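Per-chain residue numbering starts at 1, and chain names A, B, C, D, E and F are given in the order in which the chains are listed.
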Amino acid sequence: MDQHTNLLVVSAHAADFVWRGGGTIAKYVKAGANVSLVILSYGARGESNDLWKVEGQTLENVKAVRRSEIEAAAECLGVKDYEIWDYEDYHMTITPERTLQLVRKIREARPNVILTHGPRDAFNPDHETVSRFVFEASVLATSAGVRDVDLPKIKQPKLFGFEPHQSEISDFKPEVIVDITDTYEQKYAAMNCFKAQKHLIDYYAAKAALRGNHARRCSGNQQYQYAEAFSRFFPLVGGELI
Amino acid sequence: MDQHTNLLVVSAHAADFVWRGGGTIAKYVKAGANVSLVILSYGARGESNDLWKVEGQTLENVKAVRRSEIEAAAECLGVKDYEIWDYEDYHMTITPERTLQLVRKIREARPNVILTHGPRDAFNPDHETVSRFVFEASVLATSAGVRDVDLPKIKQPKLFGFEPHQSEISDFKPEVIVDITDTYEQKYAAMNCFKAQKHLIDYYAAKAALRGNHARRCSGNQQYQYAEAFSRFFPLVGGELI
Amino acid sequence: MDQHTNLLVVSAHAADFVWRGGGTIAKYVKAGANVSLVILSYGARGESNDLWKVEGQTLENVKAVRRSEIEAAAECLGVKDYEIWDYEDYHMTITPERTLQLVRKIREARPNVILTHGPRDAFNPDHETVSRFVFEASVLATSAGVRDVDLPKIKQPKLFGFEPHQSEISDFKPEVIVDITDTYEQKYAAMNCFKAQKHLIDYYAAKAALRGNHARRCSGNQQYQYAEAFSRFFPLVGGELI
Amino acid sequence: MDQHTNLLVVSAHAADFVWRGGGTIAKYVKAGANVSLVILSYGARGESNDLWKVEGQTLENVKAVRRSEIEAAAECLGVKDYEIWDYEDYHMTITPERTLQLVRKIREARPNVILTHGPRDAFNPDHETVSRFVFEASVLATSAGVRDVDLPKIKQPKLFGFEPHQSEISDFKPEVIVDITDTYEQKYAAMNCFKAQKHLIDYYAAKAALRGNHARRCSGNQQYQYAEAFSRFFPLVGGELI
Amino acid sequence: MDQHTNLLVVSAHAADFVWRGGGTIAKYVKAGANVSLVILSYGARGESNDLWKVEGQTLENVKAVRRSEIEAAAECLGVKDYEIWDYEDYHMTITPERTLQLVRKIREARPNVILTHGPRDAFNPDHETVSRFVFEASVLATSAGVRDVDLPKIKQPKLFGFEPHQSEISDFKPEVIVDITDTYEQKYAAMNCFKAQKHLIDYYAAKAALRGNHARRCSGNQQYQYAEAFSRFFPLVGGELI
Amino acid sequence: MDQHTNLLVVSAHAADFVWRGGGTIAKYVKAGANVSLVILSYGARGESNDLWKVEGQTLENVKAVRRSEIEAAAECLGVKDYEIWDYEDYHMTITPERTLQLVRKIREARPNVILTHGPRDAFNPDHETVSRFVFEASVLATSAGVRDVDLPKIKQPKLFGFEPHQSEISDFKPEVIVDITDTYEQKYAAMNCFKAQKHLIDYYAAKAALRGNHARRCSGNQQYQYAEAFSRFFPLVGGELI
């Protein structure tokens, strides 16, 4: 990964990209890659339970809080290019227009790598919807015959899926474990921007340590302290046994 | 892969390493890696059907034919360091002594990468036995407390599995697809050394082309013409989304 | 299969029925069965990449090219009864009206066997949509209470799924392997009608040879040279262990 | 199935072939097929709980009771060629000698179809052992290089697995459902020969009716009343979509 | 289960709750639990085949017959609180309004346990639709941010899935087996209220006996005669190894 | 669980029962249950890497260290009845004599619940061996015909599997999550007795917190802070939807 690498991250709700991929995203930024982040919703309905405990809370206010949290977290990770599409969450619905919106975004960003939710997530139907949404838009983005968008088709990017919250009951297998020891502090700072989901900070800190243990065990490399795990949508293609 | 890379290949029968990994092995040799090859049996009982059609055939003769075929094939691939352990095949049985023999070999070769049979292979119980055998020996080879062998333990190597003959009914998933366009001719030459299994040459030539198609489709790289597919025993650990 | 057999084939795009079932379809025709073919789309958007490379290409022209290719291919296979429903592809969408259209078709054709796409196809969301579409229409077609269509309900037909392009990552298991040695030449001729997907001709020729190898291995019958593999939607019911 | 059909049945314990395949076996006999039955053990330890409730019971006597039950059951089904190999059950162990014994039997019987236990059976490790045992012996029986037995190799037979007692937790899928309406009375009579497992008679009578319901539903054929379900070891190979 | 237990049952068609959960529902009623039953459709199109054989049959009449059957069956089980939402069946479609209708119902009933269809049901797309529908509504019902309904969010209930008609090909695993020996007579009476599906009465009577056998085998408790099996949507959480 | 509950725990190596089940075991002790613990090996070869770093280390000394650690840990959990069978580990092998030894132990302890390793454990073949060993011995222990041991057969106990170290790649599904908030301190103290595996203490502390999060999420009960997850060998059988 370097300045020729384009990474597109698509996050269903405000904080998903931080809990599940913050350390990896920060590594790409650090390496000079072009990172584009699309946040589809504020997660106002489904992932802001603590905010709604405030007497007289309004949707507008919840979104405003979330927006400032996103801003702060993106800064922690060094992500400058991000968009919030303000879809309604819980349940997020996909229309042909939204598909075209994402096809256009993909053809603009021309990613080598797309990072989004994996296909299954127990308890979280939105994540499954977004996984399918991104996959299908990526197929259209690579087809010459799809001409609704006046941008040239792109080459097949790699697609990776975030680890869901409860991995085993979501049929998640860690296929790629990325060492984030160098950027873990940034991730930890970014997580702390989401005050409405305080209990998740401890959770994902513990998770990063566990995945670090797995990274050491699978590789024999004792330098790895923290890591993030991902699934892949397609087989790895390369020049050797990696 | 370069001169610091140690690749250990363990093949159940005479020709398995050629059909299933010949192109990849040749790439490692070409890149200057240290390639060690262990062939556990001549495949005299289970994989020499055509030789046994010869009137008055003897086991000694079948082995001699296979030995010269192995020799020729190894030369085609550029593999100089190979051993034939002459286990009986169909059914191959593993004893504690054989396990120690392999632990010793692994501790000597100190591989970064081990390539052998994957866990399931319909119609071929020997391949399943060898997969387990190599995996278990690798576990012992990395344990400090295993001292039956007076060689120091090794760091956890990566383990990869060959594609079995009938992939789908063997639950094989292609997790790593290695481009072998550069070494395909060597592989083709090596395959042609095994005259007793003539029908397999066409089969694995067709297979290499099919995997080449998949390699192009999954990567968008149109240069790939031929490829080999492998399964992995553990998740990939690395510094980015590969 | 004979003149009392009704086979209904539903193909998502122009050429799917040829790549994936051409040899089998030709066998049914040859045996005197009544073969009806429904092609849901021209595949103009998602499966005509080469045609779109032509300067100034238009949708109308792409469809015209595809139409003549279909015509030629159907003739090669001996299929006379075919319809092109001209749905937009990539992404194909199903409406209640389309479901009724297919229910009506099924009740007219009264198939003993329906052949269409299997439930999973990596990289090809349309194939998955069509698989579900055909399955669901077949359920309605067998229900006495579904009276939107003034045709009597049919008896439960058998349903089979095409082999998808990348079988393993689409969770495909070959459950029925049909010998197509007798009709392979027809299939090969039919494949050659699709000039826009030239690279697929080699691919599916190689595939037919590989499946021929599997057919020989699983049956012991050395006459099989070429074959096609299919999944089944339901268990086989019969009078013996077939 | 006719007089040219050779069916070999291998049953782990005294009554397995009756509960799980009695109706199908009787159909083969009725059709004039050559049916050979090998019963590996009396099931004296693991499947004769009721007999051991008798005060002063002895192993010899348990075996004698089981032998007469087998005799009576075989007669009900019309099976004349059966052998009891008197292996110890719970846990049955397989030696190289036993494998050769079975290879010899297979090469003598030259089966087109082998019927035995499927690969998984929760609560019953013997059934899993036997499934592997039969599969591995069948591989040896088809290999020209296996010459420990002075009988010529056979052509690849079809292999089918019995339905285990608790199907779902044994990962059983009914892949072939055989209509046994014509021979159900024989099966019912044969089941009644096993007085020590009385509770299983009701169980397998109910099961046959349930599978009959599934047979009707999957085929649309309302004549099916009773059926038995089996798994298959390899894909079906044939000339049409069966 | 006692008077503090709230059980909500959601049944896709008229009789599903009886065939698949009647005995368990009756147990909850008997124990004083508050049982609410929602029947989404009369099953007039897809599950009333026998009624449509009557000359001149009308939809209105079919529904009237089904309504009186439901009434009678509910009385047999002791269920007083039930609603029929009269959705069209085959194919049932879910709209945002219907989702809100169910969210409201869930927030009113405040169930500890929800019982509905499991995620897969071969041959029955409606059951799969309802499974997803209930799961997704339950997620909304527990989210503070979902305010379309002026009722407070509920605590996470347990969700269980009915056993589908053909369990194995629907990937069903019996995760909870409930003893219904005490209420089996009530279930049997309730089943007999559905005259249009007579053949299913024998089927589910046999099934209850089979599951009783499994209950005895898995627990060692010989008192169990009849049982019903269910899948679970999430892991069991508790204070011991149950 | 109370004084009528017999829990038998079988641990492959010295510390497995602590990392994977310590909190749950302590709960059983606290509730007055009769807890028997069998530790099959000291884990001297495969799970004492740090001890072997000491210059001049001997097997005897490693075992002595492990013995005192076990003693201390058992005391932390309140377990008084434990045995160390001193099998060699890595690779542990099972003989018919060892099976009888365990059958005898099971018939003596007469457990309602057996807790041991689950069937799959990536990187740890011993755990898989022990899982099978315990399961098979439990089958013999419940069979009246198994008379090698002069103790009466037992009723079918429940069997549960520990969570393996890398859960997802070991195909582990958390089927029962046990709240250990009350005994977490005891578990933490017990873990601290194993100084040779220091890095695992942090690991399993983090794991207990993660499983506590899952316990809260799946149950809605906010009191749960720490938990342990287990797989089950057979379906739950009971009187309600638990």
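A few points about this structure:
Just so we're on the same page, a residue touches a chain if its C-beta (ideal position, glycine included) is under 8 Å from a C-beta of that chain, and two chains touch if they have at least 3 such contacts.
Labels paired with UniProt names: A, B, C, D, E, F = PIG-L family deacetylase.
Quantities reported herein were computed from a predicted structural model and do not represent experimental measurements.
Counting only chains that touch, the fewest steps needed to get from subunit A to subunit F is 1.
Shared contact partners of subunit C and subunit E, listed by label: A, D.
Under the contact definition, subunit D and subunit F share the contacting chains B, E.
A centroid comparison over C-alpha atoms places D as the chain most distant from subunit A.
Residue-numbered contact pairs of A-F overlap by over half with those of D-E, the repeat interface among D-F, D-E or C-E. Over half of the residue numbers at the interface between copies subunit D and subunit E are found on both sides, making the touching surfaces mostly the same. The centroid of the Cα atoms in subunit B and the matching centroid in subunit C are 37 Å apart. Annotation for subunit B: residues touching 2 or more other chains are 123, 169, 173-174, 214, 217, 234-235. Chain-to-chain contact here is organised irregularly, matching neither a line nor a ring nor a star, and falling short of all pairs touching.
A complete list of chain pairs in contact reads A-B, A-C, A-E, A-F, B-C, B-D, B-F, C-D, C-E, D-E, D-F, E-F.
Within the complex formed with subunit F, the subunit A residues making contact are 123, 165-169, 172-174, 199, 202-203, 206-207, 209-210, 213-214, 217. On subunit C, the positions that touch subunit D within their shared complex are 1, 7, 24, 27-28, 31, 113, 115, 142, 155-158, 160, 173-179, 214-215, 217-221, 224, 227, 229-230, 234-242. Here subunit D touches subunit B in the complex through residues 96, 99, 135-136, 139-140, 143-147, 233-235, going by the rule given at the top. If you check the complex, the residues on subunit A that touch subunit E are 44-49, 51-53, 62, 90-91, 93, 122-125, 169.
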